[in-house]
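To keep things simple, chains are lettered A, B, C, D, E and F as they appear, and every chain counts its residues starting from 1.
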Amino acid sequence: MAQQLAGYTTFKYFLVTSVGPAVAHVEINRPAKLNAFLEAMWLELGQIFRQLSTDPEVRVVVLSGAGNRAFTAGLDVQAASQDSPLAPGRQDAVSDVGRKATLLRRHIQEFQDCITAVEKCEKPVICVANGISIGLAIDILCCADIRVCSRDTKFSVKEVDIGMAADIGTLSRLPKVVGSSSWVKDVCLSARYFGPAEALAVGFVSQVHDSKAAALDAAFKLAELISSKSPIAVQGTKELLNHAQDHPVDESLRYTGVWNSAALQSADFQVALLSGIQKKKPVFEKL
Amino acid sequence: MAQQLAGYTTFKYFLVTSVGPAVAHVEINRPAKLNAFLEAMWLELGQIFRQLSTDPEVRVVVLSGAGNRAFTAGLDVQAASQDSPLAPGRQDAVSDVGRKATLLRRHIQEFQDCITAVEKCEKPVICVANGISIGLAIDILCCADIRVCSRDTKFSVKEVDIGMAADIGTLSRLPKVVGSSSWVKDVCLSARYFGPAEALAVGFVSQVHDSKAAALDAAFKLAELISSKSPIAVQGTKELLNHAQDHPVDESLRYTGVWNSAALQSADFQVALLSGIQKKKPVFEKL
Amino acid sequence: MAQQLAGYTTFKYFLVTSVGPAVAHVEINRPAKLNAFLEAMWLELGQIFRQLSTDPEVRVVVLSGAGNRAFTAGLDVQAASQDSPLAPGRQDAVSDVGRKATLLRRHIQEFQDCITAVEKCEKPVICVANGISIGLAIDILCCADIRVCSRDTKFSVKEVDIGMAADIGTLSRLPKVVGSSSWVKDVCLSARYFGPAEALAVGFVSQVHDSKAAALDAAFKLAELISSKSPIAVQGTKELLNHAQDHPVDESLRYTGVWNSAALQSADFQVALLSGIQKKKPVFEKL
Amino acid sequence: MAQQLAGYTTFKYFLVTSVGPAVAHVEINRPAKLNAFLEAMWLELGQIFRQLSTDPEVRVVVLSGAGNRAFTAGLDVQAASQDSPLAPGRQDAVSDVGRKATLLRRHIQEFQDCITAVEKCEKPVICVANGISIGLAIDILCCADIRVCSRDTKFSVKEVDIGMAADIGTLSRLPKVVGSSSWVKDVCLSARYFGPAEALAVGFVSQVHDSKAAALDAAFKLAELISSKSPIAVQGTKELLNHAQDHPVDESLRYTGVWNSAALQSADFQVALLSGIQKKKPVFEKL
Amino acid sequence: MAQQLAGYTTFKYFLVTSVGPAVAHVEINRPAKLNAFLEAMWLELGQIFRQLSTDPEVRVVVLSGAGNRAFTAGLDVQAASQDSPLAPGRQDAVSDVGRKATLLRRHIQEFQDCITAVEKCEKPVICVANGISIGLAIDILCCADIRVCSRDTKFSVKEVDIGMAADIGTLSRLPKVVGSSSWVKDVCLSARYFGPAEALAVGFVSQVHDSKAAALDAAFKLAELISSKSPIAVQGTKELLNHAQDHPVDESLRYTGVWNSAALQSADFQVALLSGIQKKKPVFEKL
Amino acid sequence: MAQQLAGYTTFKYFLVTSVGPAVAHVEINRPAKLNAFLEAMWLELGQIFRQLSTDPEVRVVVLSGAGNRAFTAGLDVQAASQDSPLAPGRQDAVSDVGRKATLLRRHIQEFQDCITAVEKCEKPVICVANGISIGLAIDILCCADIRVCSRDTKFSVKEVDIGMAADIGTLSRLPKVVGSSSWVKDVCLSARYFGPAEALAVGFVSQVHDSKAAALDAAFKLAELISSKSPIAVQGTKELLNHAQDHPVDESLRYTGVWNSAALQSADFQVALLSGIQKKKPVFEKL
């Protein structure tokens, strides 16, 4: 069995293990509740990915849900109705609409920031979805770099069914994650379920596997492949692709030039070139 | 037969009917001319969608062409050559290139504004294409939220064939509506026809049906599904997806937080939550 | 055999021929080395496309690699290790990290500018890939308007394998060229090969043909079709699509209105309209 | 006395007169109430400036307040408390916070659009402030191209004093209208009054005169000077400066090139050049 | 003497006191070293302003330096040369240029984030400069909303004198804080000192006072005035002005409409209106 | 007398001399014609500044006009009427409005690019205006980093007087160069003259001197001061300020962090720090 990763053993709702050298496996670990999220969980998620982002022992992260029933069933709505600034108790405390709006805005931003930590993690993140993957599941999946799933996955942008527009990232990122706006609007406005075949066809996931185990295995293999490359190259590639998504081409080229003016002075460039010529497996320093 | 919607009975070229509670059906109604557009028609189109946008009786709009031959064959070029600022008569009146440019610019903007009214309509718009769907048809389809079509649809970005770059929205929106720039450039530069299979493969439409009737039927079903959800949630989702398409992720998240700071104080959120728990069909107020 | 195009006969590494009226065929011409690029080659590439951009004899450009083994194997790394500012000799000359960064930044920008010349060429560019098409091949392909390939093509975003993030345009443009971010991250982070079927499915290419000859033939046919249309319409369409890709819809509509305020005063508009009515093949002036 | 301008005689709250050839003078005409705005007034203001924008008889507009006591005292708050979606009566009708937010958003946008019509008017607008010039006065002044005032003017960004952030344009435009962010924050956060000397020093106005009459006179003289120039040149200059304010330099240069590709083909360019050589006063066609 | 503010008593390098109701006074408290910053200090600064941002007891913040000799002499360079990732010791640990670049980038971002906390503080911040105010002093001052100073202040954008471009915010914000780019380039490229008169003339500060005591006194008065207004109005005004600075006018208007759709439903609006009519001093709830 | 700078002796219309170590003085050298520009001249200007940009012998550039009568009287309109795509002869050659628009657009862009070369020059540019400084003079002055002038300078944004909107940069840059939009609109719409006092008050220039000689002298002194600083620091400061002008604060901070991740590894940082401690004049390598 995989070993827990040093420095990540104190989290209550997440299991972080080491999968081969330099690959971390983060598991949402509340399987009895379909991995549904409490406030404490997204705070932990943010903390874990901020730590992984600069952890030199880790080069690639695989994120999945514990158990075979769900990646996550999203926000634990029952619990949230007690925790959140909208919970009856807290509503009493603040009745002015303007002040409640301020509390809500701050609350949403804090929640968003924790999920965004997955996107901002400097190391590539491969997400493995299975079973129930709805609501917050889509927000998280959109932050991953690469998405794979098992054949039993049931996806849904579920928020309109609880009377709200998704506000933790799905609506901001999904239009940039897949190419068909007609499909994006369809699934976001109807809250209908969609399966792996549809997810693959529109490009939401890039691999579908027969089981969660097979999907995880494929994710680990891909993670190991990526982790064997120069971390300077890999992390630069992630940063530049993320930047490109949100900038015009000329801006992206300018940023790229400045980025590589330092990165190309790394030893990795020489090491990789030499290894290519010598047909040897290159070894790169941590980052 | 469907009933005409109160408040929309005076339009000459459009038929607006009520399809079940809260779904409006807008038909381009000049079938004898393949629903080709006169200037009066796009002015009416703009007016209709601006009115629908804030009409509390309507939650979802389905837009199609009357008859079985065409969604629309685009601008009625023959008529346009008499109406437009470029028509011979008006050319005499204004011969200075700079002044004619000013008139053209204003004319294009007024035309664009009317078509953009479909995109800006606060209610979701489902477009059903069939038969001839060329030129202005594509401009309009790009403004819809969800696009479906029948198997006999013949699409074409036709403008280069009349010696001009499309300027009413196709070139501005198509690159954001589908994911393959190679395909977009191909159909826009060659003005070639493409069919439903190709449209589905690239994501331009998200459903293809055997006949116009079947396509309309599917659109109505989807419209009814969406219209049964909270209008606060649905209209917020449309607005946030439209905003996301044109903004970086961080901008979109910031706007989303401010948007939901008011929307989450709506009763719909509580109503929907409660209905979920009680397994009852929620009822939402108009918007 | 095709005839060399006047004004383009002095290039050492490129063959520029005339393919029917108004279509130029540019071939990367170093087949013995799999068309791998030396610094002199990308300088020539930039020069050729800047010249084609305003050459009134040319309306469409087809770009391919000479021979049957490769579009291009990318940068000639061995040669580059001697030419570039990072080459050992030049490293001695400039040892300060800050100054070397300045040289690198200028070098990358000059390289980018040459490849960007393909994108900025005012005439449509159709790229035909075959065989080995890796590294710089992808940077160049991303600048083309339309991409087709033969069944034997082997694509790879190869840069991470030489220890660097791609900096000549692939990372800036690929996310806008295809719709699936999961796929883009997958191929860019893993540097794995992908073939024509995958390229077609994600929309990276829009046609796959059985052989390079068949692919070229299809490209020439498409080029001839496009070259028969109004150059005012075609070049305006390219410019407006390129602008749209990097701007919000409202910005794009505003720019389009100003653009067409002059373009619609061209005779091409009348010529094309009249030809349509008279069922004659229109003839357009050069541009 | 100045003559009313044909086509503008039906407005209830505005007097539009002709001041020499091609200069229109718009007066806010509710002096008994310090020109305070009712909803009907900002609707009229929008209508007037949309009409002036394309009226070929008018080349420059001067905007001032009737009487000697005020440019305008801003929104007529007492009246607004009955008209607005927040008025008690209408509050009863809509009690849901989310729905009321929707109504408010639409109301603010309609109000903004009317004031923005001053900025979007294609003809230059010179604003003359005097006496009380607070609240909405600043929103309107920020939309003018050139601001002058009399020595008795009392300015204030008054909105925080009625418990709200200014939302009709002051906060959006003032930071771009003057150069000192410290001063902008000071007057917007404190709602304090500031006078002509301070307004001139920070660049909010560009001229201060001893009396309203003198200020108006100076505005008319400047308007006449500008109206004697080529309207192609003048209106192009306004459009390009407005575009530049909100775009990076490279975007602005690109837009400018496209704009002038039509404008430079106007006869005005030749007329002005020739007049310069022949030392004659040029005469330009209407626009 | 002012009382320390509850919740802010544990900071080592900052003194946070209460100045009248709802005004906090933050003092950089290392006067023996001219308030020069250690790494621990900017970490504390960030922490303090993040806490003040949502502290309901505080409505306005005044920031100054302890003692009469300096606001701050900037970074304690001697100390920094031991702490920073560039310090000799740490240089040994990481010698690869690419990896050192990564550490530096992360370090700069963390430093920037702490200073940006002053700008992002939801409550208005008034900065009082005196004596030596160089280097990091300017970075901090640029983040304040309102800047005042005493007659003995000596400002300098000092960074080029230590061989670096300022990277903690001065170069990003100063061009937006004052209106003359010629002056900005002059002081940033030459690192020369400039005094209060020059700072006032270009709009860098908006008030100059004879002594630090007088400047502080004026700042407290202004803070008290602002703190007596509706916090909904004041904090909305700050947010909307900050947003406007970095967005085109149409974006800013759109964001403003959404913002106020919640804020205008606050009781503050009614309270302020009523107070105005009743000529009473309004009392607003905390925020 | 100053010595001509090696590598810049072949220009026909510009004199480039060396003023002390590392300062180049570029003079527009057609004093008999008030330094009015021919097409050949702006092509040379572009060439000179592109060369200076990467010339390691030069750290600061001073740009002025030869003689005592003018910085430049702008475009030599008489000559331009023969050279330009609008000249009668060339008008015959291309009569189609659309094609002429294309030629004009390309012509304007080439002209803009040459003037933009002054802005893009990596070394700081100090411009000294005197006497007649109109039309193109303002376009060029706006590209300089620092502007000084003599007391006899007569400025004018002259273009509307020749029937056109300025299209070589003034309208794109002036709103960002000074802080008062009212003043910018005033001088651009009226084409009136303005003098040094007004230019200083609005921040267009940052110094005014009694004579051209005194202004030049001050510019040389400032140039020498700047040239004595670290070129890594100075050129980075220019680049980051130019970037900041056209980007939101968060974008600018991100770019700054990446930029300095390489720049801070330069020896200049250590050299400058050490010199400060040792009170010695630092010596920096070329760049």
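One rule holds in what follows: a contact is a pair of C-beta atoms (placed from the backbone, for glycine too) under 8 Å apart; a residue touches a chain by one contact, two chains touch by 3 or more.
Given the structure is predicted, the values throughout are model-derived calculations rather than measurements.
Considering the contact criterion stated above, the chains in touch with subunit C and with subunit E alike are A, B, D, F. Over half of the residue numbers at the interface between copies subunit B and subunit E are found on both sides, making the touching surfaces mostly the same.
Subunit C and subunit F have Cα centroids lying 34 Å from one another.
Separating the CA-averaged centres of subunit B and subunit F is a span of 48 Å.
Taking each chain's centre as the average of its CA atoms, subunit B and subunit C sit 34 Å apart. Looking at subunit E, residues 97, 101-102, 176, 178-180, 202-203, 232, 245, 250, 258-259, 261-266, 268 sit in touch with two or more other chains.
Looking at the complex, you find that subunit E touches subunit D at residues 124, 144-147, 176-180, 202-206, 222, 225-226, 229-230, 232-234, 236-241, 244-245, 248-250, 252-254, 256-266, 268-273, 276-277, 282, 284.
The touching residues of subunit A, counted against subunit F in their complex, run 255, 258-259, 261-262, 265. Looking at the complex, you find that subunit E touches subunit F at residues 77-78, 81, 86, 97, 100-102, 104-105, 108-109, 112, 116, 119, 159-167, 169, 171-176, 178-186, 188-192, 202-203, 245-247. Subunit F makes touch with subunit C in their complex at residues 54, 96-99, 101-102, 106, 232, 235, 262-268, 285, 287.
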